[in-house]
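Okay, here's the structure, questions in a sec.
Order of writing sets the chain letters: A, B and C. Residues in each chain are counted from 1.
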Amino acid sequence: MSVLAVEGLRKRFGALTATDGVSLTVAPGEVHALIGPNGAGKTTLIAQIAGALTPDAGAIRLMGRDVTRAPVFARARAGLARTFQISATFLDMTARENAALAAQAFARRPLNPFSAVARDGALNAAAEAALALAGLAGRGDVRARALSHGERRALELAMALAGRPRLLLLDEPMAGVGRDETHRLTETLRALRGKVAMLLVEHDMGAVFALADRVSVLVAGRIIATGAPEAIRADPAVRAAYLGEDG
Amino acid sequence: MSLTLLAVQALNGLQLGLLLFLIAAGLTLVFGVMDFINLAHGAQYITGAYLAVFFYGHTGHFGAALGLALLAALALGLVLEALVYRRLYHRPHLDQVLATFGVILILTEGARALFGPSPLSLPRPEILSGAVPLMDGLNYPVWRLAIIAAGLAAALGLWLLVRRTRLGMQLRAGADDAEMIGALGVDVARLFRAVFGLGAMLAGFAGAMAAPVLAVEPDMGDGVLILAFVVIVIGGVGSIRGALAAALLVGLVDTLGRSLSTDVARLFLSPSAANDAGPAVASMLVYVVMAAVLFARPQGLFPVKAQ
Amino acid sequence: MRALAVLAALAAAPPVLEGLGAGFWVVTLSRALIFALAAMALQFVLGRGGLVCFGFAAFMGIGAYAVGIAYAQGVEDALVVFPLAMLAAGGFAALTGLVALRTRGVHFIMITLAFGQMAYFAVTALSAYGGDDGMTLWSRSTLGGFGWIEGRWPFYYVALGAAAGAWALLRALGASRFGRVIDGARQNPARMAALGFDVRRAQLAAYALSGALGGLAGALLANHAEYLSPAYMSWRRSGELIVMVVLGGAASLGGAGFGALVVVALEEALSGWTQHWRIAMGLIVLAVALFAREGLAGALARLRR
């Protein structure tokens, strides 16, 4: 069973059809990359999968469960974790506190009014584990505000991983990140391959081809091709979409 | 309840609605363009009323009093904008709430200090006093019709301003992205001042027009201001069209609610209980409607800002 | 440890003031403590939760009227009316919160303002309980038939106990998992939802609790003044409460309590000086909003650096 199954998704904004009958699947442990030229509708599609936007038609299934109209937090609890294109960490908290907060959502009593967080062993342990997975071991006590841009992207990832998700929705994780840190992030994601399914939206082609098992190409709200990275690279329709007819 | 009485109350509701629109329009414009929540907007309304009374006392002429009151309301608005509000445009809403709360404390108490706590009155102008027969057995005060006419004219004027003039275009663009139009060369500070002045004058005008029918006292702004907030929340903050629709709705619901509630309550309760319950329910009616609208559409009827 | 020092100082206040021949100040201090309770409850939703509620006075008023209406029906036992007040106020908060919390930002401010006014007008229309003129209580709430808080000092210590208890409760809540969620929801509600937290449910719970504590403050206020009126619920009162929170430093629980003390003392002092003291109050509020936004807690923090 697919971890994520999107069927015939449709979304219109007035005269603009941002999502025009999109279907795709993500298999367990698979890294599925979503690429496409600017304005193709990637952000709108991701927003619908994450739950920030409600589609006009179609269905979204998480592990077989219909979440098309489920609120954002319900999808998270069903195993969907996402990172944001613009880092959304809590700047005044330390890296560990950020990760602990993310882990808290999946603790047995997330809204417990009686448990003090500061000395919560279980949460802090889960936080440290997530930080380690994202390559931030040892940076736990640094305030998020003081982290480098790349480290903050890694913290985003740590927060997404803290809940042991089934599907990671990665919204341009390499955005604005320098070459060294891109390499580090790519290695981090490579280490996660097979352990958690990923839907990766990215412009950085190097990362896409290094990580992806499958690639889907979104153009003008429609998926025009899906396949192995090499096949996509050679596909004439894809070349035309990116490079124009004479590419 | 007779049809005549119903018609009278409907007209009263229309009048209240248009009065509310005059106040709410300024409030919603200021919010839409400057993202500024102005609790002291009621002060502009009170100013219009008090100064109309004051200038009438000195000139004996209603038209002159109205004109002078409008100018004074405008002046007050611009002074407040320059001294206080300008510093708050980029601050969080809580700061704006706090500051304008301070302003309204100062201004209402100032009104009490200058004019005394007792209600003052303003006589209607000669030619617009009296009543006209609208239908069989229904005589309606001319002045209230004048308010309705003035309100509709103002609504039309605003529509023309926003849709057909350069200022209106800047207003609409500014509501979208003030920083951007500033970068494009528009004098944003002047635009803000213009919006503010316009809102202040509309509210002052409402106050002056309302003065002959309502009691002019320091607390007169309270009820009206809260209703204006209800109006712009129902209508959609930033939308003038929403403000008009919501103002008419609120005016009618409130007026008809108050006149009908006791009668409706009598259908279910004893007369004495109904006399208590009726007004209580009536006063809450507008808020219940507001809650219902917001439950279905949290952004109001005509949301402007895409969320 | 600072908290214990403050508590000790407040506990010692009545005998000290009596010794200084200023025993009547205990009455003002009682009133200040009641408002401190309310202000701290408001701080939890406003300062921690980031929800600018402009209708908090309604919760106090409902608590006061719960006491008044029960009194009119012959029910005076504190063990009945105080919980009743908290339940009524908390219930009103939960119901209005259901609608209000679907909105954000300015909408939320205006909706809470409107709901506050709704309560105000509803109560004004209750002519059976005094309507506009309000209602006098001829005695304070009793305990087992005994007038335990009739005296100046007993009432003071009850008010102090309530305020201290609320402080401890809110402090513990703030340090808990629940508090973290409220914090996070203030900073980035979308992120919190994406992490898997039911933000609305958490905020509603905080709002209802805050309302209930406001109701307790209102019940105490009715007892203190032996009088209740719709003015307890006016939007000006709601504004004053916000001033108390901000004056102390919106991010600080203790600050809110301190802000309440300052505002009550100021009002007492100013109203003795001039009939138009509200102008002075307004100028102070304006000055704080423009120049001292971080409040006293912020000023203290700056001094320490």
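Brief remarks on what is shown
The rule is simple: a residue touches a chain if its C-beta (ideal position, glycine included) is under 8 Å from a C-beta of that chain, and two chains touch if they have at least 3 such contacts.
Note that this is a predicted model, so its numbers are computed, not measured.
Chain centres here are means of the Cα atoms, and by that rule the chain farthest away from chain A is B. Which two chains touch most often is answered by the contact tally, and the pair is B-C.
Look at where the CA atoms of chain B average out and do the same for chain C: the two points lie 31 Å apart. Inter-chain spacing, taken between the CA centroids of chain A and chain B, is 48 Å.
Chain A and chain C, compared by their mean Cα positions, are separated by 44 Å.
By the touch criterion given at the top, residues 31, 37, 39, 84, 87-88, 91, 93-95, 97-99, 101-110, 112-113, 222, 226, 229-230, 232-233, 237, 276, 279-280, 282-284, 287-288, 290-291, 294-295, 298-300 of chain B touch chain C in their complex.
Those residues of chain A that touch chain C in the complex are listed here as 50, 52, 71-73, 76-77, 81-82, 84, 88, 90, 92, 101-102, 104-107, 109-118, 120, 159, 163. Residues of chain C touching chain A in their complex: 172-173, 175-181, 184, 187-188, 190-199, 201-202, 205. Interface of chain C with chain B (complex): residues 46, 52, 54, 96, 98-99, 102-103, 105-107, 109-111, 113-115, 117-118, 121-122, 124-128, 235-236, 239, 242-243, 246, 250, 276, 278-279, 281-290, 293.
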